[in-house]
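Which chain is which? They are A, B and C, in the order written, and residues in each are numbered from 1.
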Amino acid sequence: MKVSITSGKAEGPTKLNAFDNALLDAGIGDVNLIKVSSILPTGAEIVELPRFPAGKMVNTVLSYVSSDQEGDQLCAVVAVAISDELGCVVEHSGINQDPERVKEEAIDMVKSMMQVRGLEIKDLMVKYQGHRVENQGAAVAAVVYLE
Amino acid sequence: MKVSITSGKAEGPTKLNAFDNALLDAGIGDVNLIKVSSILPTGAEIVELPRFPAGKMVNTVLSYVSSDQEGDQLCAVVAVAISDELGCVVEHSGINQDPERVKEEAIDMVKSMMQVRGLEIKDLMVKYQGHRVENQGAAVAAVVYLE
Amino acid sequence: MKVSITSGKAEGPTKLNAFDNALLDAGIGDVNLIKVSSILPTGAEIVELPRFPAGKMVNTVLSYVSSDQEGDQLCAVVAVAISDELGCVVEHSGINQDPERVKEEAIDMVKSMMQVRGLEIKDLMVKYQGHRVENQGAAVAAVVYLE
């Protein structure tokens, strides 16, 4: 299986539109996202995000955060750990938290998922998306499962 | 892709049963709903809701609201905008809010989704479902993706 | 369609890891769960949980509860009722509630789902999972749809 990692941020006239705009910014705004939990099959390969046909059904691990409080610092993170066998994905987010801390928490969680399965981490990637809210803002980070 | 728009409302002995009964009222109570986000592919066509085989997996954009406060006025809305290219769907809901206002908010949001994508709206539909709670009530509105 | 009923409980260094560990304990930790609503097709058969290939997409009705309060008594329940026609599934959970009461509520809800559809219950199963939280704990109960 191929997967892509992406993220985006945006403002919008409503929270829903800010979310939609953040998905567009991430390159996954024109598809139908189906949320899945967090395991990559053996041999998963991380590739660049493709251009999807409009309306395609796409399985996704999604981290999402939004706010309408001016000045709020949003932060959406996904962390991916890959072994020779399966891989694990964590979604994490925060508002007005130290970005480094949120990233570290995501890394710790995905490391723990691998450790409990007895898997040796060969590759570990973190995608962080920050956004400072002006009116209605959103940030997303996602691991997208491609067929 | 063909899609159907539907809605329903009901009371029930528990919130879960009220929700289930509202899905039955909407004609989607005997299937498995998989929630998806909100993009219709090019050439989407809106058709009458078919009768599904029991237990079928059905991708759905679902607006859902429930309450156990007697007298609460529930309102579930979906708005669908279609262009010559893709279409957008918004789910929205409210409790004790002006139904016209909730409908307008849904329309504004879906218009904004189309505008940000540079799409000209050819057709715009809104499905509104109100319900006044007696004991445990629920209202749903849904856009159902058919194969 | 074949379905399996399972449950699990665990502690973990974070709530997310406790949830992940509870899924592992339930035998569904190495797949991607897609949450669906609650109808079994005609002729559904309950079988033992198989071993899944890592990363498989698996449709699931999931009851999930977690807490970081030491001493909290978690309880996750699924109830399944089967008729000669379709079947219904309820997910239910509680914190610090009488386990018998939570089970009975789940049974009452699934009975009500069957009654409203005019279906005679041929078989009724309840899967209960309790867990007493030490630091970060989670309990899950699930009905897994097999192909």
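Basically, contacts are C-beta pairs under 8 Å (C-beta built on N, C-alpha and C of every residue); 3 or more make two chains touch, one makes a residue touch a chain.
Computed from a predicted model, the values in this text were never measured in an experiment.
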Chain copies touching (subunit B, subunit C) - same or different residues, decided at half shared: different
Magnitude of the superposing rotation for subunit A and subunit B (Cα, nearest 5°): 120
Whole-Å separation of chain centres (CA-atom averages), subunit B against subunit C: 27
Subunit B: positions in contact with at least two other chains: 34-35
Touching residues (chain side subunit C, partner subunit B) in the complex: 1, 34-42, 44, 59, 85-87, 90, 92, 105, 108-109, 112-113, 116-117, 145
Contacting residues of subunit C [partner subunit A, same complex]: 12-14, 16-17, 20-21, 23-24, 29-35, 53-57
